[in-house]
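Before anything else, here is the set of structures, which you'll find just below.
There are two complexes below, and they share chain A, which is joined by chain B in the first and by chain C in the second.
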Partner chain A sequence: MSRLHVYPRLPAPVAEQLLTVHTGRDLLELRTLSATADPRTTWYPTAPYRVPEDDLRALQQTVRAIATEAHWPAPLSKTSGTAFDRLLAPALYRQMTIVPADAASEEVWSFLSLVLLPDVALWRWPNPLRRPGYERIIGRPRNVFRRLWARIHSLGEDVGAQLYEDEAVAILERPTLGAHPRVARAIAHAHLTTAGEAGTARTDILRITARRLRRLAVVVSLESLDDAQLADLMRRYTKEAIDQLQSERTTSTYRPVPTQVQARSGAR
Partner chain B sequence: MTRLVRYAEPLPASGGIDARSVRRTLGTYSMDFWELFLRETLQNSWDAATGDRPVHFCIDGWRLTTAQLQNLRLLLPGADLDAPELRVLTVTDTGTRGLGGPTRADRVGEDDPRDFVDLVRNVGRHPDKGFAGGTYGYGKAVLFEASNIGTVVMFTRVRTTTGVQCRLIGMSLTDPYRAERRQYTGRHWWGVPDNAVGVEPVTGPTAERMARALGLTRLPEDSTGTSIMVIAPRTEQERLAEVIAVMADTATRYAWANVVAQGNHGPGLRLQFTSDGSRIDLPDPGTDARLRYFVEAHRYCRAVFQGAAEDHPWPWTVQEIVGSRPEQRLGVLAWRTYRAGDSGNHARPPAEIALLRRPGLVVEYRTVAADPFGHAISGVFIADPELDEDFARAEPPTHDRWQPRLAQRQRYARNPVSQALQRIDRIFKERRAGNGTAPTTEAVTGVSRLANVLGALLDSQAGGTDSRIPVGQANPVPHPPSNASGTPAPPAGTPTPGTGSNGQQQGPPGQGRRPRSARGLTLNFHPRARPALLADGSRAVEFDIDLTGNPGAPLTLTAQPLVAVADGTPEPADETTPVNVVHWRDRDSGILTPGPRLTLTAETSEHWTVTLTQPADAAVTVRVSQEEVGPQ
Partner chain C sequence: MSAPISAGYLTPAEERIQSGTVTVTSAQGTPVAEGQPVPDWDYFTDLTATWPLHVDLPGVLQDCGLSSDATVTCFVTWHSSSTNRRGNSPPARLTDGGNQLIVVIPGTEIGGNLTVTARMVLAAPDPAPTSPLAATLPGAILWQNRRRFTLEGSGSRFPVVATSFADSGLAEGRRSLWYLSCTPDLDGSDTGSIRLYLNTDHPAITTMLNQPDAETSRTLADMLRHDVVRQLIQTALRCEDLQDDHDHGEGTLGELFINLTRRYFPDRSLSDLRSQHRSDPGELEAVIQGLDRVLA
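What follows is the complex of A and B.
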């Protein structure tokens, strides 16, 4: 079992300042400006294992090698951005071995995007509108690297890889559905097994399932259901979403009455 | 039927131009691109306003019907239209000039408008000017970039000296290519064959008919304007509906000042967005949590320009920004602080000043130094109309910021734009410096938020927000506190506490629990919803609502069912979770009014109950909006 590390944290004001000066810079120049340390970073004070500089350098090399495969620094084409993400996500997750709680820190991801790998981060998301708090580069949940790490962490490598981009987004960007890996995996698993053959309509099916689950979560605590209950609930919701979509396609006026949900609420 | 052809432009013997557009500078496609697309098209439409009536700006996305696709194939012979479910996105403006002027780039008349040739003929030339230069900005490029196949159809109606004329033309931009030993520029047009320019636009009744057959029906027959259809919009990772929703949101964020009525004038701009025929709700800037402070600030600024400085309540600050050498007013700034978001929200509170010229879209939201106490800052700066030229000059073609460098008339001269920006920044920096003793870490943000939450308990606890208040007792609510605008509020939505199924109380998360008043009538919601059974045995839920005050004029109340979600504000009920408003019941007389609408007269009761159906797997709440009934 490898050790879990904590990572340097780049304070938010410094991150915003760096974002402003880095936006629009030549990617080769950004590479020369990248570093494995910055005097303004801090660490989570009581964590036992700080990531060694060699590991940071190795991470830099891994990510850059994948970027080079995707023809860095040539601008990413229509689909190659997604392809790059797919390659990067598992590699990033495996190599970072970050303490999950540390991965919830905005400042950690700001460090990765603006100090360690600005050449890759701003290549993937160039911030064309020069937004001051650009969410893809500042370490918010949709950050270039954080999003990929969180996907693997919540969904696992196998399930995460089988989902389409917008399906993964539909689950992970909803805290109710994505924050609890067991719930997220149950949704994804039921979706892939029940709706896996549905082709392009798959995304629409998941959208309906997710919408109903977010509404159900007001009255049922999803994370308190056991595995069998979760699997059962997700399978039924996915099936009903398929039915709803089919009836929408055949007649637009038909309004299906929702089937009763028998899932027991664990929290009485 | 007119024969339509495609004309691929060969590279002339003298060489020189090609169609390589600014594609490279845009980087990856994402929602950022669609925001850019919206800003560019909206700015173009706004700039083309005729001025005699409001600009109506619509974006519609839909899947072409089989008939529409057939007609598109007739208009664009040879285009790659084989996608199984071909979608289109149209941008339409009316109340605008349309694309006037000659249809050939080489015809130059005195003071002729050049709109048509600039958009249709002079596009894709001088790629080196793509980003920075003159009139060849992002503007046109976004239209082609937005299409997967680089293809758009333009339909425009203009007023000429001889009457109204319409024009329909298809265009496509690709990279330059070589075919049969000839080099082509990559620019293509579809239209009526013409020996001199390749093709000319279709005109007259034929054009009108063809446009209609494609679904371009937004331009009313008697008005001028432009409709541009982007074929197969690039929506990579998002669905078209989401793209349109983002554009609707962006439009409101940048055009709120034009969407709300200003003083005696009505709004100068109307926005409409639809996706597959269903309309996308736009927030009302006057009540939207994010925009209402900007709208209010804008009003205070205007009042200063009109010399009628309105009394502005605490905590507003309204100040003129004055430059030096020469000493002149550069503009007016109005701003305030407020408690940001919900407690428990860890995002940094925004500190944004919207920069505008009059009348225009928001140029930029400028981030200023954050509030030392962790509050959010919202404000508006409007440039002095006297200096409009200077500020206009500072805007790059994208109109998305002020660059003082562009406004520099001569070296070493005082630059009003840079002075204004520096002074605005300084105001907020000094607020931080002046509070030197105040710690500025995020911990304090949390503490002051908590203090604020606790403070709110002391001042004006609104009725109907506390579950300990017994059911059935009326709790009159005072008018909203000092952040109200002082003018009669527009008909306002008023969410209520919600229901859980099984009788559990489930308040909707987020803001808006405090009822708002409009025209002297106050709605008081009782906190607890009651489960009920309908005559057919199905489950329902009842909300009690009491009215206080005098409606003045006849009012209609409309109940809109909402469904609570675990991580956001309640959503309107839809076919996934159907909820119906069964009836309104007068609690005094027992009389039922079926359906969601209730018309109030001076004599009606003050005690009402509205009944909704209760779905098995969701919590329901209701929003009641008031509307004045016009004289019949």
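What follows is the complex of A and C.
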């Protein structure tokens, strides 16, 4: 296993100031303002390995290369944004080699988004409403880079990169389901193999599955199940969610003609 | 610990299970019990949690309506508040008498508060239960208990940001005192969902930040603390999904709301509080004011 690093941390007040200053700026200008260091950053105090500046520069280049493939700085459509995320997630995870506990620091992701790669961060999520604590740029869990890293860390490259944004959120933002990697992967795997062919909205299926699993997890310890039991349970819950959704759709499209109308029109 | 949850099946009487002192130990360290900070811990120090259990197994099976052929396993799980990561020891068959539950926790995956939970579960459906009310689902939780350890800081870190509202556009850039931002996602992280902005354009706020011991600063800080609690309780009561008997999980906003309302109103249910909040919100606010002893 490669050596794990800690990353620079940009304090929250500085991050919010930078976000205000950077929002709306030309992307080419943001690129020139980007840097691999900032005097206001701090580090986790006892870490033996701080990420070297060369590694930060290499990370910058990797992310920018993927952005260029997605036609940076041209505005992204929803589809091309998702495609960019799918390409970036595994590359970011592999290259960062960050201590997972350090990756839980909001300040680390604020550094990445506002100092190292503001040109890419604000291209992917431009903050059109100029929100001061914009969660896609400030390093909170939905941060542009943090959510992609967390997705691969919890779900692995094989399934993590195949999920849509809303699907990953449905699993990872429910602590009872997303915090345990084996459980999270079992949900994602069953979803991709079972719901992928259902011919109905995948995201809706996973939302129903996750809601029902969360209720089950109050009385059933999912982590105590072995792999076979877990896979079986997830398959069953996914199938039931598909059935529920199909039944709701059938009911909502069936509109019986009111009796008075039937009488007037002669309908039987 | 969370409120008791009606599981819909039989569970054992508490006296059937005796927990010894639950400890967390680093490789070189001495065991630390609940309530004490774990000394010298950092990301690069793995921890071992140990949970001794003394169990009256025949009594547990009898209380649960399970036969002597039923397989009950026990294990210990951990959850870290900052990384929102969980793990567990492999389930082991529960034995009558002493059981020692041990889990090794990787230091690189944890931070903030560490919650350790001992669980006793039904491993597989009992072929011959003695009661129709016995648990049937594999993994059904028959008993659990939690302990919390502090790894970093003095608890959850409430994010506070001092910023100019005029520059950042918060509250339309007005000269407000503060703004409590709370995204009411009950499953979301507690510290990730709440943020308190202090307006550095307001002279009272800059005084409070620069001269915290001044009389006016102490008064304002008192008002600020009360207002934060007041707003959080109001937000909690507006969340219809928040229920007394629902375990939202450690480190979530739902858990924070439940703990907060229980701390202020230990004898009242959420539906009772909601009812008062709808019919006479002013009186409820006055009650919170009194409980907070604002300026008293």
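Note that in this section the second predicted complex is superposed on the first by the 247 of 268 C-alpha atoms of A that agree within 3 Å, B and C clash if a C-alpha of one lies under 4 Å from a C-alpha of the other, contacts with A are read in each partner's own complex, and residues count from 1 in each chain.
Everything that follows uses one rule, which is that a contact is a pair of C-beta atoms (placed from the backbone, for glycine too) under 8 Å apart; a residue touches a chain by one contact, two chains touch by 3 or more.
Not measured: the values here are computed from a predicted model.
J.: Are chain B and chain C a fit on chain A, or do they clash, once the structures share the same frame?
T.: With chain A as the common anchor, chain B and chain C collide in the superposed model.
J.: Determine, under the contact definition given at the top, whether A:L4 touches first (chain B), second (chain C), both, or neither.
T.: Only chain C; A:L4 stays clear of chain B.
J.: Just checking: does A:P39 make contact with chain B only, chain C only, both, or neither of them? Give me first, second, both or neither.
T.: In the superposition, A:P39 touches no partner, neither chain B nor chain C.
J.: Of the partners chain B and chain C, which touch A:P128 in the superposed model: first, second, both, neither?
T.: first
J.: Answer with first, second, both or neither: which of chain B and chain C does A:P75 touch in the superposed model?
T.: first
J.: Is A:E248 contacted by the first partner chain B, the second partner chain C, both or neither?
T.: So A:E248 only meets chain B here.
J.: Taking the superposition on A as described, I'd like to know which of chain B and chain C A:P175 touches: first, second, both or neither.
T.: both
J.: When the two structures are overlaid on chain A, which partner does A:T203 contact: first (chain B), second (chain C), both, or neither?
T.: So A:T203 only meets chain B here.
J.: Would you find which stretch of chain B runs into chain C in the superposed arrangement, from 241-249, 385-393 or 511-519?
T.: 511-519
J.: What part of chain A is shared between its chain B contacts and its chain C contacts?
T.: 12, 16, 130, 132-133, 140, 174-176, 214, 218-220
J.: Which of the residues in chain C come into contact with chain A in the complex?
T.: Listed in rising order, the residues are 5, 7-9, 42-44, 73, 75, 77, 79-80, 82-88, 91, 107-112, 119, 121, 123, 137-141, 159, 161-163, 167-170, 181, 185, 187-189, 192, 195, 197, 246-252.
J.: List the residues on chain B that touch chain A in their complex, please.
T.: 24-30, 32-33, 35-36, 234, 236-239, 347-348, 367, 400-401, 500-502, 504, 506, 563-568, 571, 575-578, 615-619
J.: In their complex, what parts of chain A are in touch with chain B?
T.: On the chain A side, the touching residues are 12, 16, 75-76, 78-79, 81-82, 124-130, 132-133, 140, 165-166, 169, 174-176, 203, 208, 211-212, 214-220, 244, 248, 255-258, 260-261.
J.: Within their complex, state which residues of chain A touch chain C.
T.: That would be residues 4, 6, 12-13, 16-17, 20, 44-48, 99-106, 130, 132-133, 140-141, 173-176, 178-180, 214, 218-225, 229 of chain A.
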